[in-house]
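Each structure below appears as C-alpha cells.
Here come two complexes built around subunit A, the first alongside subunit B, the second alongside subunit C.
Moving on to the complex of A and B:
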C-alpha cells in the first residue's frame, strides 16, 4: 500500500492517490478542484440528498484525473460514520459520454474499524456501486444490499457517503 | 503555466483542564492556531501545495511549543508514481512521527527524549519503491524557527510496508536517524521551559507499526540508540539508549473509544533510571459534531526527577 503523498481534504484524507489513480484509471496526472458550497447550494444539495450536510461541509474537494490531455474521471473521498468509527471511502467516477452524467467507476474503503470488514470491503458489496449515477438513490437495502446482516449501519454509512459525493459533484458541476 | 491557486484556512483550538498531585487544578488554552493550506495547479496537474501552521494564542512555551508548533512547508509533486519533495519546517519522518500525528493528543510517544525535537527545518524526498514507501530527510537538528548555527545536519530515513489480509491491517516501518540533536534530562513535554542539557550526536534506529484487527487497534514503536560517533559504539556500549511506545485503541461505538498507552525511555542502558508514562482514558467524538473531540486521560509519570499522577481533560475543536 502506498503512502506517497497523503492528500487532506476538508472531509477525509486521500491516503493513496498514486496507487488509486494507476489502478483505477491507469492515468498519469490529476488536479485538485475546490468547490465552495454556498447557503443556496447547501439547500439544493440537501433537498436532493434528503439529509442535511454536516456543519463543516462548506467546501468539497474533487480530484480530476487525466490521461495525457484526456479527462478520464474524478475522485473524491469522504468519512462515513460507521459502527466503530470513521470509514474512509474513496469514490472514483467517470463521464458516461456526457459531462453532466457521471457514473461510479469504483468505490474503495481505504480505512475502517468495522467488525465485518471483509464483507464491507468485498466486491459483492462495493461492486454494487459500479455503473450507478445521480439517478440511483443508493439506499440500503432497497438499491444496495448490505454487506451482511450484521453490518447494516456500516453499509448505510458507506452508501450515504457515496451518494453524497455523487450528488455534490453532479450539482456543483452542472449548476 | 499556473491555472489556479486555491487557499483555505482551518482554525483549531485545544483547551485543557488538568489536575495532578504535583500541580494545581488548572485550565489552559494550549493553543489556538490557524492552518493555511494552498494548492497551486496548472491546467492538468497539481504543481505545489503550501501549508502554514500559525500559532495565534495559548500557553505553550519553550521546547514543548517548538515540538508542536512551526510547520511551514511546501510539497512539490514531480508526477504520479514519482518522488515528491517537501521543503521547509516539518515533522521528522522517524518512527511513529512519520505517520501518527501526535499534535493535539494527550498521549505522546517518547520522541522528545529519544530524538529531542519533532519539527525541524529541512528537505524531505519521499516516494515508492515497489510495495515500499520511503522517506529521506536532511535537516538542521535545531527545531523550528532557529537559524542553523553549524554544519551539523540530521539525516533521517524510513521505509514502510502496509499489508491487509482478511480482518487484519498491518503496517511496519523501519527508521534510522543520525545527527546532532538536543538531549533532555527532563521531558520538555511535561516541563515546558526545560532547556536541553546538551547537543549530542545521536544515532537511532526504530521499528514502528500498526496492527488493526477489525475494530481493535495497536500502534507501537521500539527505539534503540547510541550516543556519540558510530565507532564508539563498539568500545563503549554503555552509551546505548532504549525506549518504546505502545498505544491501544478499543472503540465502543462511533463516538466513544477507550485508549491506553505505555511510554518508556531509558537514556543509558547501563543505568536503571528511566522515564515511564502510563495512560488510560476515553476519547469522545460527537456523531453530529465530529469536528469536536474530548479526551479524558489519566496519566502516571515515573521519571527520574518527576513522579506524578494526574488527570487531563482536553477539548479539541477543528473548523
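Moving on to the complex of A and C:
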C-alpha cells in the first residue's frame, strides 16, 4: 500500500501544458526530457535537499519550453500531500546559459483540496517563489511566509515540492 | 515414400506462394481463436465480477438505469429518486436477507478530468459486501469517510487524514480505507447516508436499494413482489449481465462475420495454391497414374497437401494468438470501458481444438476440387500434349 502510494506520487501529470506555456512564457511548444537519477545522483541530491527522495524517484521528467526554436524555460510538476488531500504543483523555471542562475519564473497549483486554497493559490503566497533560485532554501516560514496561519502544512508541502524540482533540475543540467 | 512426405516436399517447390497461403490462413485462425477466447473469457469474467458485487437485485427509481448512471457520472441531476421509506417496505419482503440503501452523487472536476463519486451508505453496505476488507473502521460519525482504494492513492490520503470538499465546504475525517477490490468500489468516497442526503440536498431520498437474497433462486419471486411497489424498477444481476453481454455481443457478431469472410477468403487462397500446384505438376501426376498409381492415391495426395497447408497455417495462427493474446488483452482494456477485472481472454482447450478442426475442414473443402482435377487426368492425353 505504502509503496503504491509512493508510486502514484510520481505520476503527476501536467494538466494544462498549452495554456501554461502560453501564459507563463508566451511560448508555443515544449519537449519532454527524462533524467535518470543514479544512486550516486540520489545521494548528492538528498544531501542538498536534506530530505530523502521518494522510493520511485529514480527518474524525473522536465519539459523544455520553446518559443519558435528558442528555449525559453523549463517546467516540472510534482504531486505531494497537503493538509486535506493531494496537491499538484507546476514549477516554471528559466536560466540564461549558466545553470547556476536558474530562477523560478512562476509556481502554480493545478490540483488541491485545501481549505485555504484561495490564499494558497494567490499571488501573495505563490509570488514569493518568483525570482528565487538554487541558493534559496525556500523554507517555511523563514524564507517563504505561509499562505495563512492555518495552512502551514500545505505551504510547506508546496515549498518543498518547488525546492525539490529546482534542486534536481539544477543538479541534472549542471553535472 | 509416403503420401505425407511427398505432399510435404511439394510445399517447398514454391516457398513464397505456400508461405502466403499459410500466413493468410494463420491470421484468419488467430483472429477466430482470439475472438472465441475473448467471448468466453469476457462472459466468465463479467459473471464473476457481478457475483463479486454481492448484490442479487437492485431497486431503482423508474426510468433508464444506464441514463441515470451516466448522469451521475457527469455530475448531472437525475429526475427520479426513491423515498427512504421504501427501505422498510423492501425489508419486510420475505426472502430478502440484506437491503442496503444508497445515495450516489457525483461532483465533476473538469480541471482534473474526473468525477468524484460519493456513495451515501449505512452499515448494511458492509453486510452486503462482506468480502470488503477495511483498513481502519467503518462510518460512525457524520464527518467520517471511507476511501476506496484508488481514491486513497489519488488523494494520497490514509486513515487519520482529513479530506476537504471545497465545492461544499465540508471536511471529512478518513476513518477507513478499502483494501483493493479490483472493482468499481475502489473508486468511491463512502460517506454516511444521512450526511450525503444533507450535503447534496436530497433529504430522505435514495438512488437505489441494493439487495441480497437468502437464496438467489428466489430472484424472480422477490422481483415480482418488489415491482408491486409504485414508481420502482427492479434490476436483477442476471439482467444486468445479459444487457452488458448483449452490448458486447453485437460488436462480436460484426467482428465474427468479418472473421468468417476472412476464413472463406483464406480457404480460397489454399484452393488457389493447391490448384496452381496441380496444374504445374499435371505431367508428373499423369506419369504417376500411367505407372500404376491409383486415381484414389493421386486424389489423396492432393487432398493431404491441402489439409497440411491449412493445418500448418492454422497451427501457426494459434501459436501467434497464444503469444499475442496477453498484449491484445491490455489493448482491449484501453478501449473497453466495461471491461471487468480478471482475464477477459482465456485460453481454452475446446476452443483450441475447435480451431484446429475448422482448419482441417477448410483444408478438406478447399482440396476437393484440385484433388478431383488431379485424379481425373488421362495419362495418354496429357503425355501426347507434351
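One rule holds for everything that comes next: the second predicted complex is superposed on the first by the 160 of 175 C-alpha atoms of A that agree within 3 Å, B and C clash if a C-alpha of one lies under 4 Å from a C-alpha of the other, contacts with A are read in each partner's own complex, and residues count from 1 in each chain.
We take it that contacts are C-beta pairs under 8 Å (C-beta built on N, C-alpha and C of every residue); 3 or more make two chains touch, one makes a residue touch a chain.
The structure presented is a predicted model; accordingly, all values stated were derived computationally and were not measured.
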item	value
Partner chain in contact with A:18 - subunit B first, subunit C second, else both or neither	first
First, second, both or neither for A:171, with subunit B first and subunit C second	neither
Subunit B versus subunit C as contact partner of A:85, first or second or both or neither	both
Which superposed partner A:34 touches (first subunit B, second subunit C, both, neither)	first
First (subunit B), second (subunit C), both or neither touched by A:94	neither
Touching partner for A:117 - first (subunit B), second (subunit C), both, neither	both
Subunit C versus subunit B, contacts on subunit A by residue	B
First (subunit B), second (subunit C), both or neither touched by A:60	neither
Subunit A positions touched by subunit B in one structure and by subunit C in the second	1, 4-5, 8, 79, 81, 83-86, 111, 113-115, 117
Footprint of subunit B on subunit A - complex, ascending	1-5, 8, 10, 18, 21-22, 27-32, 34, 54-56, 59, 66, 69, 79, 81-86, 111, 113-115, 117-118
Subunit A to subunit C touching residues, read off their complex	1, 4-5, 8-9, 15-16, 79-81, 83-86, 110-111, 113-115, 117
Subunit A partner contacts - residues on subunit B that touch it in the complex	3, 6, 8, 10, 37, 39, 41-46, 75, 77, 79-81, 83-84, 99, 126-128, 131, 133, 160, 162-164, 166-167, 169, 212, 214-215, 217, 251, 253-254, 257, 287, 289-291, 319
Subunit A-touching residues of subunit C, taken from the complex the two chains share	111-113, 135, 152-158, 161-166, 171
